[in-house]
Amino acid sequence: NTLQEVIDRGEVRCGVSTGLAGFSAPDANGVWQGFDVAMCRAVAAAVLDDPMAVEFVPTTGQTRFTALASGEVDVLARNTTWTFTRDVDLNLRFVGINYYDGQGFMVRGDLGVGSATELDGATVCIQTGTTTELNLADYFRANGMEYEPVPIETNAEAQQQYLAGACDVYTTDVSGLAATRASFADPENHVILPEVISKEPLAITVRDGDDRWAGVVQWTFFALVAAEEMGITSANIAELAQGTDNPEINRLLGTEGELGSMLGLDPEWAIRAISAGGNYGEIFAANIGDGTPIGLARGLNAQWTQGGLLYAPPFR
Amino acid sequence: MTDTALPEVATDRRIDASRMKVTDEVAVQISRMNKWYGAFHVLRDIDMTVYRGERIVICGPSGSGKSTLIRCINALEEHQAGQIIVDGTELNEDLKNVDKVRSEVGMVFQHFNLFPHLTILENCTLAPIWVRRTPRREAEEIAMHFLEKVKIPEQANKYPGQLSGGQQQRVAIARSLCMRPRIMLFDEPTSALDPEMIKEVLDTMISLAEDGMTMLVVTHEMGFARQVANRVIFMDQGQIVEQNEPEEFFLHPRSDRTKLFLSQILGH
Amino acid sequence: MTDTALPEVATDRRIDASRMKVTDEVAVQISRMNKWYGAFHVLRDIDMTVYRGERIVICGPSGSGKSTLIRCINALEEHQAGQIIVDGTELNEDLKNVDKVRSEVGMVFQHFNLFPHLTILENCTLAPIWVRRTPRREAEEIAMHFLEKVKIPEQANKYPGQLSGGQQQRVAIARSLCMRPRIMLFDEPTSALDPEMIKEVLDTMISLAEDGMTMLVVTHEMGFARQVANRVIFMDQGQIVEQNEPEEFFLHPRSDRTKLFLSQILGH
Amino acid sequence: MSDTHARTTAFVRDTMLPEAPAPIAQRGAVKWLRENLFSGWMNTALTLASLYVIWWLLAHITPWFGNAVWNANSLAECRAILDGRSGACLGVIRDRWHQLLFGFYPPQHYWRPVLALVLLFGALAPMLFSNLPRRLLWLSALYPFVAYHLLWGGSIWIPVVAAAGFGVGALAWRLITPYTALGAILAALVTPILWWVLAAGAVAGALTSVAPLGLEFVRSDRFGGFLISLVIGISGISLSLPLGVLLALGRKSDMLLLRSVCIIFIEFIRGVPLITLLFTASLLLNYFLPPGTSFDLILRVIIMVTIFAAAYIAEVVRGGLAALPRGQYEAADSLGLDYWRSMRLIILPQALKISIPGIVNTFIGLFKDTTLVVFIGLLDPIGLSNAIRADTSWNGIYWELFIFIGALFFVFCFGISRYSMYLERKLSRGHR
Amino acid sequence: MATTAETFPRKVFRPSMLLYDKRYRSLTIQVVVLFLLMGFFAWLIDNTLTNLAALGRDFSFRFLGQTAGYDINQRLIDYNSQMTHGRAAVVGLLNTLLVAVLACVLATVVGVLAGVLRLSNNWLVAGLMTVYVEIFRNIPTLLWILIIFAIMTEAMPPPSAFRGEDATSSMLLWDTVAVTNRGVYIPEPLFSRSLGVIDMGSFLISIDLLAIVAVVGLSIWANKRLLAHATAVQNATGIRPKTWWKSILILVLPIVALLVVLGFHLGYPELRGFNFAGGTHLRNSLIALWFALGIYTGAFVAENVRSGILAVSKGQTEAAFALGLRPGLTMRLVILPQALRVIIPPLISQYLNITKNTSLALAVGYMDLRSTLGGITINQTGRELEGMLLMMLIYLVISLLISGAMNVYNARVKLKER
């Protein structure tokens, strides 16, 4: 029983990527920061009352699923695309899409390319270990174009190859492209092409077969989403936790109903989860939003009420 | 050939024969012993009894199986048929017997085989400490006693590589003696030595014989044989061809092979 | 020291002195030859004439330059001053002269230096085939002839590693002879050998001397020198200190250095 | 002199010739130059070519180092200072050297790994120099526990209790050995395992709660840089030594089964690239272990590296064993020493001494190969150089990092190989 | 002495004999080892099966037959993303072998040169070579791979620098070779009168290639005959006829003729679209791996060569000189045959190291066996257990083949001793 193990251990083990600016990367002091990281901290806060009680395990595209399956990590918050085979064949449990993404292309502005359909014959840098290779192969094949793939293991290396001109195009998820471009000295000279060639719902993942733990992670994530929808922020949460007129807020924050104990947690779990890094919107803004060097727009990741796809099931 | 003068062993000492008494106790009893190396029959139907206090010299042409015979007595080689009883213990598949025999039988090799990484003293105390479980202090006293006996106590803290060949061979003898063996085996102990050194090693062996040690010596030093041995065994092609008292053996060899061999050995 | 008995070389053969005639022809002429290793003056003002048929033994303490002298004659070392004329050919920068001299002068080394990857026969035919351009069949016949001379024709198809030291040294002599040299140089040919083997090699050299070969031998085998040499040269500190006929040299050495050296060599 | 020409006339030199100076061409700088650099047209050509190569290298490297910029906090700043000239931006080293050396190890604790390294040399001394008192070997035996505690910290009782396991084994052996030798060996093997599995955790826990002593705990994910290379390399080689010796003995055994197992193991490990073993550590080990076990990645890597090195050490030791004359085995036998005693007292001390150069080479190779752990997500120096490059301020910096890392490895490996050559000479002289 | 073997009392069996009786002891030990071993493997397999069951997976190699779906940039046989994982693995394996062979050749050339030069009496050259050997030996391979890769990508011009009026870079060697940061483009061999290909079902064989191999083989054979003839003449007359010009003719003429017949010409790379097109493209990853492994291992080979030559003692040379053999002949007949025996075994184990080290391709994205079968395939199918085991097995087979070759060689050249 993972939940009990985590409580006994006093620490959540969280698989993250080895380093992707804005999503997960250790800062100069070795403290992990980022959007994915914040998800793990929220879980730790909900379960253990300490957002810092997380052991981050950097995983590569190859090691992540084994790490999860073997129990080396309890939860995987690492831009992992939810696909049929992964869900069914690899027996993973995708508990919630924390970022809706799609694969795109980035090229130098001076190349004068305006669309991915003009990329015939191009040299394309790809970060291996994801679905990217497959999408790319399918896309070029479908459009009858030739290309030269240059597979690279890490984002940092791929970026370097692209900047040095060793490839014309860099392809990965659009969020990653934006993050990468943001770290360039001259972001304005690089364009992200309009085509998005795949759906990449990046999801938080746990082991199959432990529904209780899956529930905890899943509903912690939904709590963050719902909090944004209900206007609960880290600023006003203390006040709202005193009790409000809105029964759903009350149920979420544990002043009403017994949702916490149904999960096997205490009533204040959601308060802690939201206080850890704020609601979904706050986390987004702090790590990858407009105000950060990454500068991603909410787009598909806006609340359903704002025209996006984020939709937390009701807390009831 | 019979009229060739026997070479005199190069020693100044007179042998004290009274102390070299042969008893009736059996030290080594070998019966119908056979040994093969693969398909090659090295030792054929060896029968031999060694009494306590005897000094036996074994000689014979190269490849006749002398070393093999002596190594069988120490269980360094296995025999395939027949019986070897050393000091009342039969050498058979039982490893305990093997251990027992080995710790009662000392062996000195042609190439000394001292342990180069240990000092002379450590070479001598090693087996007493680890096999006999003698306290170190006591083992060292014993070692010094025997090193004095072989006349090199002053070298005790050197390493074997720092000694001359003759000194090394004497250390090897002392090392064996430290286990207080009841029987000593020597396999051509002087054949790797320069002439001057041969003498010092033979002297040591003679003094050992005077102390009444039971000895089996493979050697071609005929002077030594004549002076010390009470029996000479001649081997050829894996069999004992002739044995006799030394004077008789050298002056009136009976088999032709012995005659031929002696003419070669003493001739050059 | 002068009254020390001279050691007798261990051979049964009587030397046939009549065949060992010295002629008037000059084989090697060395004049005022000097050699330096860097700043070290190894050979100083060497003057020496070797006549055809002479057998010269060179001796002297270690480091006195004996090997260097002999190697200069074969152009294995360069000399820096003076003249060396071998068989009418002066050794100078002209590589053709060097080749000519080398193929007319045979050399036997202390450590045999046989080619381990070639059979005995191949060792002997290599130079005749590649240097003298002898047809293989003929080269093999010559080789077998000389192998018979050194008494090991039956080993022709073995490899050097399979022979004993004495046999190897005899092969080395045969190998040199196959080039039908007019002069043979020996650099301590027996000093790496066991006593029994020394005899067989010296025997071979004696029979060579009997055939009238011009020989320069660096050796400490004084018995050989006395029996075979017609001149003994004593070197020290890179110079020729004394030379004389063997009997005179050994019985009445004149210089103090020679006396000291002989007392050391013959003393032990 | 002319008298030497006469054939039979005797000649005696009365006065020895003095040593004469060598002709000019035979000494001094002239000779040296002539012999070493210009002894023929071929040689002269080679000399000129080498001079050109050296000049070319210097011409490129000198200004680059000459213009080195230390006081810059980002590549951009550095480029601004250089202003188009070619030059090294060593600011990155000043900024990040501690990371390259120690990873994310807490800076206030840097003394701990440094002390562990210093102690290592102390612990090695009794093994290398036989003239030191044998008793000091106990210190060497203790070193692994001390080093573990220094590096990882935590409760001091954990290493103490773990070390006690060996004590328990020795005690069991002492107590039982008078009755049955085999039983003693079994007991010596089993009791420590029982101790570690059953008692150790509880005892350590109890002791910790009674006397909570110890250094601050440092998690292994904070290890990085050169430190991680050293930890993996040194523990790998020291753990692999006993294993490699056993394998070598097994490979020489006359028991067919034992021998085949050892041969298969050695050949398998030597036949696959280290990288696949590391992937096994990170990907597959969890399949092979009972469900639910999971332990530290560094530990898993050390296990794999140990197995890897053991196969190579086994071959080195086998060479050493083969180089020993048979007489040594026979002499030991004839004194009545049993197999293990003769191995321990006679054969192995000599065989290992012969094998020192091979062992050192294996170690250097292993140490260089620790850089491969970057592929399974550990932050060795190369991994850290990637991480540093991922930082916006140092994005695009290559040579400075590579040169720094290369220099670190070079100094270490070259130093060790020279030191071992020195030791070898010393040891070979020691006993003669 | 009349006792016979039959009358010796036979001992009854006691359990302690299992340990103290020669006949039984090794049996006892081996049985124990066998049981421990079987127990260990049973434990491993049981764990694995339990773990697989818990994950709801099976152990099967069916994934090798599934569509790979990814592209491989360097392929020696026909491949596209619609082919199977198995074929992708083969493409990767061929890439591994390609770079291994290239690196072995380079390491040998560099190593022999450096080893010989290190023995040169030219102080400067010997010193330079020592510096080379020490520097390369004491810095990790991986770092060298990264450094050369970085040199290629950072220090070479991008293809765009070759474009336009104001091109900042130009092609080398009369516009036939382009060195860019995407790799090096060299002319490719083309045949205008190609003989076509044979379809072997899963792969194609070029008849042109077969023809070339056949002709080269024939020439080499003919040359061997020529040399054998020369030796025969030498044996008969003592004079070895000059053969070098005949050798050259025999080796060169037929292949030139064949190339002319096939209409051989070079296809030059030219800038087209984003990249150079035409010619053979040596990718950076290949070059980095090839050169790094070659030069790194070359340092070790140099040491082997040096010690091999030194091992043939000075005495051998002197003996040969004293026999009147010229330096050239001495080298050929005396030194080399002996030195090679010393040099070749360690050389082959260096080849083994190179082959294993090609797995470092990972660092530069070279599509070798590790990154196809052991990388993307594992990633896409999630079959890390099967994939890894299969990959290890393949490496193992390659290694065993190489060391088998070494053993055969060693047995052949072993010097005969007493």
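For reference, chains read A, B, C, D and E in written order, and residue numbers begin at 1 within each chain.
What we mean here is this: a residue touches a chain if its C-beta (ideal position, glycine included) is under 8 Å from a C-beta of that chain, and two chains touch if they have at least 3 such contacts.
All figures in this text were calculated on a predicted structure; none of them were measured in a lab.
Listing every chain that touches chain A and chain B alike gives D, E. For this structure, the chains sharing the highest number of C-beta contacts are D-E.
For chain A, the chain with the farthest CA centroid is C.
With centres computed from Cα atoms alone, the innermost chain of the structure is D.
Overlaying chain B onto chain C using CA atoms gives a rotation of 160 degrees, to the nearest 5.
Rounded to whole angstrom units, the spacing between the C-alpha centres of chain B and chain E is 57.
Here the CA centre of chain C is 52 Å from the CA centre of chain D. Chain D and chain E have Cα centroids separated by 28 Å. Separating the CA-averaged centres of chain A and chain E is a span of 44 Å. Touching of two or more other chains is recorded for residues 62, 66, 69-70, 153, 160 of chain A. Contacts with at least two other chains are made by residues 279, 283-284, 286-287, 291, 375 of chain D. The touching residues of chain D, counted against chain C in their complex, run 1-2, 4-5, 7-8, 10-13, 16-17, 19-23, 25-27, 31. Partner chain E is touched in their complex by these residues of chain A: 61-62, 65-66, 69-70, 85-86, 89-91, 111, 120-123, 128-130, 133-134, 136-138, 140-141, 147-153, 160-161, 164-168, 208-209. Of all residues in chain E, those touching chain C in their complex are 234-240, 313, 315-316, 318-326, 329, 333-334, 337-338, 341, 415-418. Within the complex formed with chain D, the residues of chain E that make contact are 19, 26, 29-30, 33-34, 37, 44, 47-48, 50-52, 54, 117, 120-125, 128, 134-135, 137-143, 146-147, 150, 154, 356-360, 362-363, 370, 374, 384-385, 388, 391-392, 395-396, 399-400, 403. Looking at the complex, you find that chain B touches chain D at residues 74, 76, 99, 102-103, 105-107, 109, 111-117, 126-127, 130-131, 159-162, 175-176, 179.
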